[in-house]
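Okay, here's the structure, questions in a sec.
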Amino acid sequence: MTLSIADPVISCTNVTISYGTFAAVRNVFLDIPKHKVTAFIGPSGCGKSTVLRCFNRMNDLIDSFSMKGKVLFHGQDLYGPRVDPVEVRRRIGMVFQKPNPFPKTIYENIAFGARINGLQGNMDELVETSLRRAAVWDECKDKLQESGLSLSGGQQQRLCIARAIAVEPEVILMDEPCSALDPISTLKVEETLHALKQNFTIVIVTHNMQQAVRVSDMTAFYNAVEVEGSDGKVGYLAEYNETKEIFNNPKSKDTREYVTGRFG
Amino acid sequence: MFTHKKRPWAEKLVDRAFIRMTAILASVVSLTVFGIFFTVGFQAVFQGDLSSLLPWNPDSIWQGIAPWNDEETFGVRWGAIPHFGLGFLANSSWNPVRSDYGALTPIYGTLMTSALALLLAVPLGVGTAIFLTEDFLPQKLRTTIGFMVELLAAIPSVVLGLWAMAMLNGFLTVFTPLHTHLGWLPFFGTEPGGPNLAMASLILVVMLLPIITAVSRDSLNQVPIELRQGAYAIGATRWTSIFQVLIPAAISGIVGGTMLALGRALGETMAVTMIIGNSTNLSASWFSPSSTIASLLANQFGEADDIQVSALYYAALLLMILTFLVNICAQVIVKRLALKYD
Amino acid sequence: MTTIQHPLTTSGLNYNPYAPRNVWNRAMNLLAALFSILVVLPLITVILYVLYKGGGAITPAIFTELPPAPGLSEPMGMGNAIIGTAMVTGVAALVAIPVGVGGGIYLAEVAKKGWFAQFIRFGVNVLAGVPSIICGLFIYALVVNTRILWGESFSAMAGGLALAVLMLPTIVKTTDEGLKLVSQELRIGSLGIGASRFVTITRVVLPAAISPIATGVVLGIARAAGETAPLIFTALFSPFWPDWSSGLGLLAPTATMSVQIYNFGIMPFAPQVQLAWAASFILVVMILMANLLSRWLARLSAS
């Protein structure tokens, strides 16, 4: 089942993540290829977001979080004792489920990240480029000095994507970026993803299987099983392959049932 | 057909009376505010008690004014506002012998103690609030410290004053080197030898800290977690996200709490009275005894009579206007800066 | 569009303790910790100092005797001040609780919006900001100076009224906020079975909100008991037991613990200063208990 991918950007080896004593997802082996879009799909509570968040150490914010196994970024252990999570997050950016622009102007929302990362050069140009790449430039070029909160939900989300791009990370993680958006905004974000994958490696969690088909090159299907002796569920990586294989020729029965919409 | 039992009239009456009563009780609050302003204002304009408002009182203020009384106006005893006018604010003498009163010294003392106290208490309080909202300490310990800070707010001001008096010598050992080395600065110009303005400011800091800490902590806690995640996700360090994202997002609460604390500082009475030295001589030095409007009232009101009482009410009116303006500002600022986050 | 170069070296992810941002971060961590210690320190010293100085002064006589005349050291008691504080805060609570709860009900249940409710809210906020000494001056001018209470001037009653003015905004606010927490379904349910507004509010809504309201009231009373400024020109002080013949003691000048701390604390006599510490001890312990009680009430309602 393990897929061999040459020169993976991120590589998980036997990753098990727990909150307190409760294991959320277990025994994940996974390689993320460079400059591709990888989609995580699966029913609720199967640990897709949990795995995603451990790629840039976002789980550090949760007290009870603990992880076993290894997550390698270009062969370097992300959870090594000397690793600075801030450095990790500068290389691996993230876009969240709910748009979360800072309470600053649109311009500052973009420039802020670039500035704290020590990027030199023409800030105006950077703001424009980032907003263009996130396909939101036309909608906000006339109100760069207005609050980021004055935009609509879809525009806010694309602003957040622009904010992540401006830092020039290598990988962008997206945690259900379209779940709070209307269909038109969703399409725009998906178009943005297509353009972005030339320069970035993208990992996206989605509930929407059509979206996974539309945007991704690779798909990882997660599933959850009951834990013996408790009433909780634990997630695991059920199948990982090229997207067209997962949707047209799934190996496991669970995957087939899920992608054909029989459960989840 | 249903046999319909009619609602008894008594029940309707009780219901209506109850609603009316709550309205009346609510109005009492506003009437009290109005009454305070009116009473203090009246006493600042006239000498004599409130009963001289009644036309049949022999000392009535209406004599000479009211058409039913054609006597001379000699009966009206004007108070401090007609006597001293706006010059009251710029006059630094407080002289019961010559009946010459001005509030410059206590006004200066009030503003200076409050400003000094805020200058120290805001960074300390906001810093502590940040410390208590970050994950430096285990949650349980943080809750305990939060509870203790709330307790500090509940300690009566007079107890803090007594404590400050007991700590007097401790304060002096801190202040004396400041005078020896920086005595050329007018603020440190006099030798600290007893109660003084700087001590009053420090005790105000102790009283303001819990307010600023508690309010800032609450507003920092209300910043949505998504914002913090957003900041971390673009590679912000802890303190970059605190200064650039969390504090700006919580600023309305922090400023509101600070203004609230300023209102408290301006009107704080007992601890200040016990430790400021109650001198009505104007001095630029923080190490010389001084007074605030509130301490002047607490210290002098009991022994004052005639025009001095009225002058004290004039000072009280100034204090009320000051705190009123600060509170209005606080409300406006909180509304203006409040983020619309859903 | 230029391709982005990632200057990623193997050591790039490692924590660099000398990077300016990391040095700055650690310095700020330290500063915040230092600030917290500076904030908690006075609290601990105040409480420990009061417990140490005051606890030693507590004897049975404190509760049963009168204070000594200046210069003497016998008897060592402050029974009159303890009773006086109870009387004055009792009057304040009796006046402020009905008015405050009533006003809070009006704001939360009767007129939620509209200019009059806005006006009342504004009044509550302004009153909350009025310095406590002004409350004292107000009651002095209104009650003491005019001798409106049966011809008496300084009295426990006047002191109680001054404290009531001080407590009022707290009680209105906690009632208003406590009632807002009650779910709308409860009201609709009660009105739906034909209960009048009076019954709905007094039998259904108020009991549901009793815990936050009680918490606010307990804290308000504890705070009022420690207030001094409103009392020095209203209840004044007295070295004697309450004069029961004068309106059950309510219409005569009355000693209170807080005013005693002020009056005795600034005296040059050791016995008086000791009594000031004893009074501080009792007040601080009382406030500690009230805070614990309020937390217990809050936990009770949460479970």
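Details
A, B and C label the chains in the order they appear, each numbered from 1.
In this text, contacts are C-beta pairs under 8 Å (C-beta built on N, C-alpha and C of every residue); 3 or more make two chains touch, one makes a residue touch a chain.
Everything numeric in this text was worked out from a predicted model, so none of it was measured.
By number of C-beta pairs in contact, chains B-C lead all other pairings. Distance from chain C peaks, on a Cα-centroid basis, for A. Centre-to-centre, using mean CA coordinates, chain B is 15 Å away from chain C.
Between chain A and chain C the centroid-to-centroid distance comes to 51 Å (mean Cα coordinates, whole Å). Within chain A, contacts with two or more other chains are made by residues 86-87, 116.
Within chain C, residues 21-22 each touch two or more of the remaining chains.
Annotation for chain B: residues 237, 240 touch two or more other chains. Chain B makes touch with chain C in their complex at residues 11-12, 14-15, 18-19, 21-30, 32-33, 35-36, 39-40, 42-43, 49-51, 123-125, 127-128, 130-132, 134, 136, 145, 147-152, 154-163, 165-166, 206, 209, 213, 237-240, 242, 260, 263, 266-270, 273-274, 294, 297-298, 301-302, 312-313, 316, 319-320, 323-324, 326-327, 331. Chain contact summary for the complex, chain C toward chain B: residues 21-22, 24-25, 28-29, 31-33, 35-36, 38-40, 42-47, 49-50, 53, 98-99, 102-103, 105-107, 109-111, 119-120, 122-135, 137-138, 140-142, 145-146, 165, 168-169, 172, 196-198, 201-202, 219, 222-223, 226-229, 232-233, 258, 261-262, 265-266, 276-277, 280, 283-284, 287-288, 290-291, 295.
Per the touch definition, chain C reaches chain A in the complex via residues 1, 3-4, 6, 8, 10, 12-16, 21-22. Those residues of chain A lying in contact with chain C across their complex are 73-76, 78, 80, 82-84, 86-88, 91, 116, 129, 133, 168, 170, 199.
On the chain B side of its complex with chain A, the touching residues are 135, 139, 224-237, 240, 244-245, 248-249, 339-341.
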